[in-house]
Amino acid sequence: MDRPYFHHIFDPVLENPIFVQGLPGLGNVGRIAAYLLIKFCGAKIFSELYSPSCPDYVSVDSQGICRLPRYEFHAAPMEKNDFVIMTGDTQPSFDDVVAHYEVCSEILRFAEQCGCGLIITLGGVPVSENKAQVYVAATSPRLAREFMEKGAVIYSKGRIMGAAGLMLGLAKEQGLDGLCLLGTTTGFEADRGAGFSVFKFLMKALGNEVKEGL
Amino acid sequence: MDRPYFHHIFDPVLENPIFVQGLPGLGNVGRIAAYLLIKFCGAKIFSELYSPSCPDYVSVDSQGICRLPRYEFHAAPMEKNDFVIMTGDTQPSFDDVVAHYEVCSEILRFAEQCGCGLIITLGGVPVSENKAQVYVAATSPRLAREFMEKGAVIYSKGRIMGAAGLMLGLAKEQGLDGLCLLGTTTGFEADRGAGFSVFKFLMKALGNEVKEGL
Amino acid sequence: MDRPYFHHIFDPVLENPIFVQGLPGLGNVGRIAAYLLIKFCGAKIFSELYSPSCPDYVSVDSQGICRLPRYEFHAAPMEKNDFVIMTGDTQPSFDDVVAHYEVCSEILRFAEQCGCGLIITLGGVPVSENKAQVYVAATSPRLAREFMEKGAVIYSKGRIMGAAGLMLGLAKEQGLDGLCLLGTTTGFEADRGAGFSVFKFLMKALGNEVKEGL
Amino acid sequence: MDRPYFHHIFDPVLENPIFVQGLPGLGNVGRIAAYLLIKFCGAKIFSELYSPSCPDYVSVDSQGICRLPRYEFHAAPMEKNDFVIMTGDTQPSFDDVVAHYEVCSEILRFAEQCGCGLIITLGGVPVSENKAQVYVAATSPRLAREFMEKGAVIYSKGRIMGAAGLMLGLAKEQGLDGLCLLGTTTGFEADRGAGFSVFKFLMKALGNEVKEGL
């Protein structure tokens, strides 16, 4: 394996799906939000991405079965919006920036093949006192305004590090619409509350009802 | 040399050989076990692998003769199971993960060319108090169970770092059977006892008799 | 994106333009001087360069709109000398020297396509007590002498680190004329004074009048 | 520039030249010895090698003229043995081992094109008390013995780091004869004495007379 490699499982039937990505990161907000979305939609894994820039170990489960670190793509045919939901075990190494650009480009190509025209990345943003809020940055003023009107705060004059930012920047360069939703979090521990806020905001913004008790 | 390169010495005659790998690592358990197996089988080196991701030095022996760091492949035609036994001077640099994926993929390709259908990697696992045990992780529940029944403990909910893990994960992705045997060790010094435990367990599990006095 | 990539905006009409580069670096002298030149010339951005060796984040502006780090090329058709002025958000990672050579080579190729025969890089040079001065190094004795006669001090027996030096060295190897102008600066903070000195000297040396009040 | 690149200056007429390499390193012993050989032979630079794995700066000389870091090849047609003498400004980064293998392979290819059948690398070896001695390691027992009989001490059970070792290991793999001469040195400062010892030993071993007063 000398380059990213897709292990395809089945071909989902999806109509204009929205691509949603949540990976490990600050407070694990993005990954938690993506898991909640997968659970809410009953999404099924239909493709896996392996990459030589993932770490060189295997994870072993409780039955002693190993597998490589990977990215997973879940298909969710829904009534309102179909989704392709991406999550994964890892982000490419911070030391290998070129690999990060390559993997994110590969993922965007895949998203386009799936028919996705809108890319949504989920992540966390550090705050000193925790006031639950969702920030938005986007590839166009129209999208930023649209999600601001739905309750998000404009994330202005900052940077979005890692995959959540890079995917957005590459999407813009390729003429795709994209936005990033960032949940406020105070720490580096897994922040389930922030993950839920981001998930709930996303659902509401796209016109889905989520009950608090999920 | 800009990519891994095999220096082939002779073509061994082997029937459905099992591929066994033991490299330097924690307590040098894997490497010691592989050496014991080479000695036990009277295995002969038939191929060497050089790689630009190996360190940039030469080792010099007692006669002043130098050679590059390398991986060695030993052929052991046996009565019960034929073996291809791999050991080596080094693991690819921890800093260069992509190189590690490449070299391990190259080695798996070579193992398949040799007709190997089962990949066994050997290594060490750190424990605080030394109770000699051999752990097993595998590419399938059937294999994990089979070696558990032969006396190994399931290695569950952990990670296997480096080549011992990566080879296994890549083998699984390529549809090969594989398992990893990990000997318990307390320290980072060469742990000959743990190496012997792993070697002995492997021999017993495959139906070979090893006398304690080896 | 697995290699540098130009996003072309329009084709400027330029006659034998001079290529001027000022990137972030010591005291930000080069970047400030390049911005002043862009402002002075009313230069228009005509091409952008994205590279997988740029950092993996997006910058977000005050409206919440994101973009990838990039290099920008501005066209300035002038009465005396036409310019292609390059600036950017970043320099390739210090850790990835090969990427730095690649990106600088790519930029030189672009400069040649634009018809540039002279490459001028701008930067800062650290001094302990700040006496405003502009140093010059060049690809040929003739050029070094020419700019010395115009008031610069020969930068001798030193090194020029990063893009300002590398572009010059690569230009020389490709048979292009080049020079580097270095403004003295005491610190690592943005040194607007040093940037202005370099800009003013460049304008004077090329026969343009700059009023102090700019 | 995305790979090593030769800038050829002239075609020397050499008969079965010996390739001698001395690069910066421990006590600068190798580089000093190579310079002394160049001076002794009145050797002329006939080719330069640039590489994207060299550092990203330019050196500037006393006239303000810049140039990239590089390797130089000097031709010395002599009465007894013709030489190709290689020296340079740098070694590839310790962090980029793959680049080191690539550059050394490229240099060996060049040496073979020049008709060199014997590769001699020069370097330093650290000792606690300075007793001037020259150590030898070689690609074959015959060569090691030959130079031992001429007064060198066998360098046994050690490692030779960096280009001096790697060139030797790669030469061996390609079926070329090679040896490394290491001068004892106590420190990391430029050790002119050790450099001279290595140079003098090399000349004597090859049957050339060197007067002490050089």
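Just so it is clear, A, B, C and D label the chains in written order, and each chain counts residues from 1 on its own.
Here is the rule we go by: a residue touches a chain if its C-beta (ideal position, glycine included) is under 8 Å from a C-beta of that chain, and two chains touch if they have at least 3 such contacts.
These numbers come from a predicted model, not from an experiment.
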For chain A and chain C, chains touching each: none
Angle, in degrees to the nearest 5, of the Cα rotation that carries chain C onto chain D: 90
Approximate Å spacing (C-alpha centroids) for the pair chain B, chain D: 37
Between chain D and chain A, distance of the C-alpha-averaged centres to the nearest whole Å: 53
Multi-chain contact residues (two or more partners), chain B: 95
Chain-level touch network, classified as line, ring, star, complete or other: ring
All touching chain pairs, where touch follows the definition stated at the start: A-B, A-C, B-D, C-D
Contacting residues of chain D [partner chain C, same complex]: 1-2, 5, 7, 50, 52-68, 93, 95-96, 99
Residues on chain A engaged by chain C in the complex (per definition of touch): 95, 97-98, 100-102, 104-105, 136-141, 144, 148, 154-163, 165-166, 168-170, 172-173, 180
